[in-house]
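Heads up, the next two complexes both have chain A, just with different partners, chain B and then chain C.
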Partner chain A sequence: MVSQYGNDKGASSRASSAPPLPGGALAPDGSLPGQIAKIGMLGLAAAVGLWAVFPLYAEGRWIGVATVVAVTALIFHVYLSKRTVPAKYLLPGTLLLVAFQVIPVLYTVGTSVTNYGDGHRGTKEQAIAGIEATSVSRTADSADYTLTVAARGDADTGDLVFLLTGPDGSAYAGTDEGLAPLRNATVEDSGKITEAGGYTILAPGEVNRRSGEVEEFAVPTGPGSGIRSSGLSTAYEGEAGRVYDAGCDCVTDTDSGQVFTADNERGGFYAEDGQRVSQGWKVGVGLDNFVRFLTDPTLGSSFLSILTWNLGFAAGTTALVFALGLAVALTLHTRHRLRGRTTYRLLVVLPYAMPSFAMFLLWRDMFNADYGLLNRLLGWDLDWFGDPWTARAAVLLVNLWLGFPYMFLVATGALQAIPRELVQAARIDGAGAWQAFRTVTFPLLMVAMLPILVATFAFNFNNFNAVWLTTEGGPFPTDNPMAGATDLLITYTYRLAFGEAGAQYGYAAAVSVFIFMIVTLISVVALRRSKSLEEVHN
Partner chain B sequence: MKFRSVGVLAGTATLALTATACGGNDDGTEAPAGMVVWASEERVDVLEPFAAEFGEANGVGVDLQALPNDELQANFVTAHEAGSGPDVLIGAHDWIGNLVQNNAVDPVQLPGETIDDLDETALEAASYEGQVYGFPYATESLMLVRNTELAPDAPESIEELVETGSALKEEGDTAEILSVMVGQNGDPYHLHPLYTSGGGYLFGQDEHGDHDPTDLGVGTPESIEAMERIAELGEEGEGALKRSVGNQNALALFADGDAPYFITGPWDLNEIRKSGIDYDISPVPGFEGAEEARPFLGAQVCYVASGGENKVLAEEFVTNHMTDPDVAAAFYDAEPLPPSLGSAHDQVEDPDLAKMAEAGENAEPMPAIPQMASVWDPMGKAQASIIGGADPENALRAAEKTIANEIG
Partner chain C sequence: MVRPLLNRRTLLWARRDGWRHLVMWAVLAFALFPILFVVSAALNPLGTLNSSQLVPAGAGLGNFADLLTETRYPRWYLNSVVIAVTNAAATVLLSALAAYVFSRFRFAGRRFGLHGLLVIQMFPQFLAIVAIYLMFAAVTDYWPKIGFNTHWGLMLVYLGGALSINTWLMKGFFDTVPKELDESARVDGATHAQVFFRIMLPLVTPVLAIVGLLVFIATINEFLMASVFLRDPGSQTVALGLYGMVAENRNANFGLFSAGTLLLAVPVLAVFWGLQRFIVEGLTSGAVKG
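Let's turn to the complex of A and B:
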């Protein structure tokens, strides 16, 4: 196979001694446009590498830096070397596969053994800082001070000083050592101090630049209490209601005296009576999430029925869209002149072109028992989403309507690729229309369609939107609000992990690992089968 | 040898390219000074002039960013965790529990005069574990809107409402007795006034006045009794509550004149006015001879993010700038949620405001504890199936089991 740029001098001279390599333009001695493209692409790779490396370097993430350097070096090696021809083809796909498939799977598995989720997002240090910061409250007898933030010396680096005006108009200077009366200060009516000897008054922008320091700053007024800022111009006397002690690894509530001890296995501070402090942190929990999923009380009773319906839904959708798509494709594939064939095809494809999100919601409303279009049009009094079987039929119907145009497109393409002479020959040999279709067209068609059918099945196995946007998994039996008649595994687990007590990513990840295994198993089996079929037809 | 020189050339060229690439990239030492505010789109529009004024007064830029309301909380928590969150967040008060357990917001010290001027229930809504998290600038709660042409008088009780509504329905004047969202999977928010009137509650309260997750009201005899009374209004009873009325058609039913009564909140008021229906507003009535109906009160809160880089400015903005009654009045003009500052009420000239405030007088703050997230879904499904004719006790016991299992 001679490449597009194969008439280049270098390539043709090589061609005399050895067979030309595929993709010669990207080989080291390819044509000029090929070289330019190559330089451009490698430049892009290096630029992306550099762009990624600097923030990683700044954060001191050395593993990340090493990975970026290694991948960039690998790209350069592969595309600058003459010997790595197969790798030139495999590398982009492999890198993308690793980046978008392998890493997310590994990350999911990694997350599944933690308690990561709402209330357990950060580190223990962050949790402690949060507990102490949110416990600071105004002391009962606190005065309202008007605050002017100042500094000793330079506005950006000098030690912070809070210039305070009390309710009676007297002025103080508050430092980290305590309060001292302030003389020679110019005090405005509002209480703001505009000038004070020896201090540099900070402008709002300057205060904001030192936000972190200002927030931390407290003028000590007693054990545990201090005057703190609230915004730019007010200050109050406050004390921390909860204090962390590293000695006992516990948080003490100064008001009630209650002690919350850290439980480093659960990632939270717990009191003896089981009460816990809201803020927790992320810890490894081993296989707890998997155990929790497998021992969930609703799982045992509903898993099998959900899995059965899930398989039925995916298989049913695939079969229905295939049958309808193929039937329409065959109808429009007639040899006879058909007026407006293109228009028909456009009309058939229309549902596929609409945003499915909106279509699901529209269909949901059409199934409304009292006000839905379907019942009104047909004069029925059917509670579509109230009965398990009508709800299932409704979901399948919606999915059929949205899915068949795609099958129609694929089938039309495949039909056009089958030479009409084959069917004509079969007809001449005495086969009827049905027999010709069954023995000639259909088997040829299936070679092209089978992978699509497997993909359709896999997609619909996890078709979250089709269920969540129509029935939300319902109807639900009165005694179990967790597992509905149209629930797929993915909607059921979504409800378990997100629908209830906030986002529980660790638990959700564990459940995802289960679903991943189920889908993998089904896909492997399905692909094996389709492969064996292909061998028969070839 | 030729390929080698080409390789070198390619290498040099890429280095040159990367040099220019990083040339454009290494000015990232100083982030542009500016306070970032996240709010829903309508609110961003309202805030525009006030933010500009604040920015000018303090010599800083204020960047207002609009996000869809239903994504605000989750995006905020995620962004906070990644260290790229805003400085100020405007959203509902029942997010507080989740925001606090994720260390995402800081308590604020509201000025004394603001607290004196503030509606007590609104302050209670913004309080959590003894602290006030943000400034609650407006409140919302359910009210009864009636079509005065069909139903001239405000009903004293739900029985009176059903009587008038049924008569209208029988005469063919309307298609429904009442329009209130139930939907296929229930809506505990919209059913709460009737649920409380029947004696039901969701969570008891602890010493802070916060809701107590260990005292769950779902499945108690009171809740069963309340739902039994509600079942009488359901599909097997009077037919005033129906699963076929949900968020997609509740407003349309009233606006088209197909329902004489509509239980909804102030957020639908603009649309009701546009429909041209003659309406009036009154409190949601309770059952005859039973407790008062207590709708949920939701407060819209201006939060200070704990991870913001401009926290001092954010505190200043929330405690001293957002508390200006002019801001509340401007918000009211865009979306008629009753302001929580008494002084802002004087600035609004709208006869509906006093009626909405009256309808919200009995309202109780929606629980802000994170455990509330476990209640909505099972409770809604239980209520929907009871309205559809299921046995109240069975349904509530199942919901109780599910909720208790989730809360742990």
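Let's turn to the complex of A and C:
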């Protein structure tokens, strides 16, 4: 894309003494190297498009194919047209932004109005298949399989897969969606499978660690039947004890005779006494998740205090790092030669160069009441994380330490961008150093730094690591183990939504949308008042 | 430090510079003592947390040797540096392209675009991680080359954030370059691309350096997204590897952890110190003044 400046076109237009067009800028084409680069980039875009379209085409995913074709066509249109100059510059970043930020956010908003989570994962059909498969028990003519426990991806966290060898020696892969023949598997004489493409075979120790899951795992094999494990190395196909009947849209337990009727609004099967079958399906629940967040008694009582601290934490961090960062920048910002300035600059940014996640953990250990470095150095016996206010002060101190070098960098850059003549003019007009700073330097500085300050605020509003890796939200009042003194909304939510109760993605998404709205509101108000937006308006 | 000598020069120095040095010494004490602790823990031959002091009792490079020979640290390190350098370079380019049009062109959707950039990144990405995970589960099925356990997939997600507050930062600096410069070039027949690459970019090198540095550091430190994408030990970054190390045994591995932390800080410092010249001098030079 780098092209020769002062190209033939400019030269020839001058040679023919044609008056230069106003904004001869719109002069098209560009130089030869520029053209070649452009053709190369478009060729690359076409190649990537082709590569992306093949698997989609093979699987018959027509919407996907259409999307890839549309995006590729858009790229060609933007770069071949002469009227879309701003788009030429914005397109690459915007495409990535849409794909990996906007769509996940929209997806999250979509999830927030569902009950998606453990027990409500798939469709109703999958839930029924799961219920039937989990309830199977051995019958007289049950087929037995040799079981090899495997996983998709990581041995400890990947989805479980049962690799099964039937009596006739044929191999299958059983997932929670059903049974499929297994090709490219190495089967031993005993029936154990030692290698299977695409699956990670679990070592005995790893199987033991996940034995609870293996016990619960079931492979649906058809209406009213499924495969379950019997021990960790054999499995059987049996008949379901709980059978779904489409006529009454209900599940009947053949042993107890209990009937669970489908509730399509809540996404589960419920008995008359309110008992629920653990497998349900994903349904839309409207704004229930939001209502729950605002009206739940446990949440409601702690909500205000957490929001207050959350705002205090974000505003406090922003103010502290700005104050210290600017102070250091001003200290080093002089016209005359300051001995050691370069060394100071190099050393001051050291905290920023340290890996932040590691430093959070390190600070946590320094604040430790028993063997912490701070207590040992100061000769104190202070339980920093035991008292709400010392814990809060500690978290702010850690965040200040990590954050001020960044502000120092930005402030230094902004200070150097302010034309020296302006300050000099103010001084000549009789302003003192402080007055010149207050009336000239500082306002100009704020114009450049306000977006950074807003972003710092927004970042710290959700600074999960700063709290989770140090205090984990504690200390907790004795009467409420869910809401700690240093909890941010996001750590609080994390504990509630991903804690012992299991994954509740729908609920978690609702709270994150809620947090999003609060931060947006605050930021928009802050930006409305700022001068930097005026530049955007003109 | 400032001794009250009855020497006029010393007095002048104290008034003009002395306070600066005092302030800087105080700030440096605050900034450096945790780092001193890491250094002494890394050199501590016992390598445990509860034996670590601010000034080490003994010193040895045993922790470093163990880290480099008995763990996968070298591999993690390479992964981290490759990912961070690529991401920083791509982000700087994408962001500069956008900042240029936001600064120099007036077009429909400009205001929306600038405000949208600020708003979209206020969404806690942490919770969108579920959505990203589900998206990439599908991507892994169709295009395993950019799916989980690949650096490509992770970098694509990082680049989703290329247009961000950094674009604002850059736009602010682009605005300080006088319009007359590029206007005169365009009257002379330069295309918009030539103005961008030949005139604007050289003038805004300092901000490019700052943004590149910030992105590099953020990528080196990034933990959450990497932990979702990189499960295979061979593909992991230093942040993941070190975290796993102390999660297993915090006390006993503290020396290794500290040594790893220090080594991870080295490339960041190298980049910063390498770019120092741009950051410090850049914006004060000639044509940038408004």
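The working rule: the second predicted complex is superposed on the first by the 321 of 538 C-alpha atoms of A that agree within 3 Å, B and C clash if a C-alpha of one lies under 4 Å from a C-alpha of the other, contacts with A are read in each partner's own complex, and residues count from 1 in each chain.
In this section, contacts are C-beta pairs under 8 Å (C-beta built on N, C-alpha and C of every residue); 3 or more make two chains touch, one makes a residue touch a chain.
In this text the structure is predicted, and so the values were computed from the model without any measurement.
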Look at A:L97 in the shared chain and tell me whether it touches chain B only, chain C only, both, or neither; answer first, second, both or neither.
-> second
For A:P451, decide between first (touching chain B), second (touching chain C), both and neither.
-> second
Touch check for A:V348: first (chain B), second (chain C), both, or neither?
-> second
Of the two partner chains, chain B (first) and chain C (second), which one does A:Y371 touch, if any: first, second, both, or neither?
-> both
Which partner does A:G386 contact after superposing on A: first (chain B), second (chain C), both, neither?
-> first
According to the contact criterion defined above, which of chain B and chain C contacts more residues of chain A?
-> C
Residue by residue on chain A, keep only those touching chain B in one complex and chain C in the other, then list them.
-> 10, 28-29, 51, 361, 365, 371
Can you list the chain C residues touching chain A in their complex?
-> 16-17, 20-21, 23-24, 27-28, 30-32, 34-35, 37-38, 49-50, 52-54, 94-95, 97-98, 100-101, 105, 107, 110-111, 113-115, 118-128, 130-132, 134-135, 142-143, 148-149, 156-157, 159-163, 165, 167-169, 172-173, 175-176, 183, 185-199, 206-207, 210, 213-214, 217, 220-221, 223-224, 231-232, 238-239, 242-243, 246, 257-258, 260-261, 264-265, 268-269, 272-273, 276, 279-280, 282-284, 288-290
Taking the complex as given, what residues does chain A use to touch chain B?
-> 10, 28-29, 35, 38-40, 42-47, 49-51, 54, 76, 80, 82, 118-119, 121-122, 126-127, 129-130, 133-138, 144, 203-205, 207-209, 211-212, 214-215, 229-234, 236, 238, 241, 278-280, 297-298, 361, 364-365, 368-372, 385-386, 471-472, 474-476, 478-482, 495, 499-503
Chain A-facing residues of chain B, complex | 2-3, 6-7, 9-11, 13-18, 21-22, 25-26, 33, 35, 57-60, 74, 77, 81, 97-98, 100-103, 106-109, 111-112, 129-131, 184-185, 242-246, 248-249, 306, 308-313, 315-320, 370-371, 373-374, 377-378, 381-382, 385, 388, 390-391, 394-395, 397-399, 401-402, 405-407
Quick one: in the complex, what on chain A touches chain C?
-> 1-7, 9-11, 13, 20, 22-25, 27-31, 34, 51-52, 55-56, 59, 61, 64, 85-86, 89-90, 92-94, 96-97, 99-105, 107-108, 111, 153-154, 157-158, 324, 327-328, 331-332, 334, 336, 338-340, 342, 344-359, 361-363, 365-366, 371, 373, 377, 401, 405-406, 409-410, 412-413, 416-417, 419, 421, 447-448, 451-452, 454-455, 458, 461-462, 464-465, 490, 493, 505, 508-509, 511-512, 515-516, 519-520, 523-524, 527, 532, 535-537
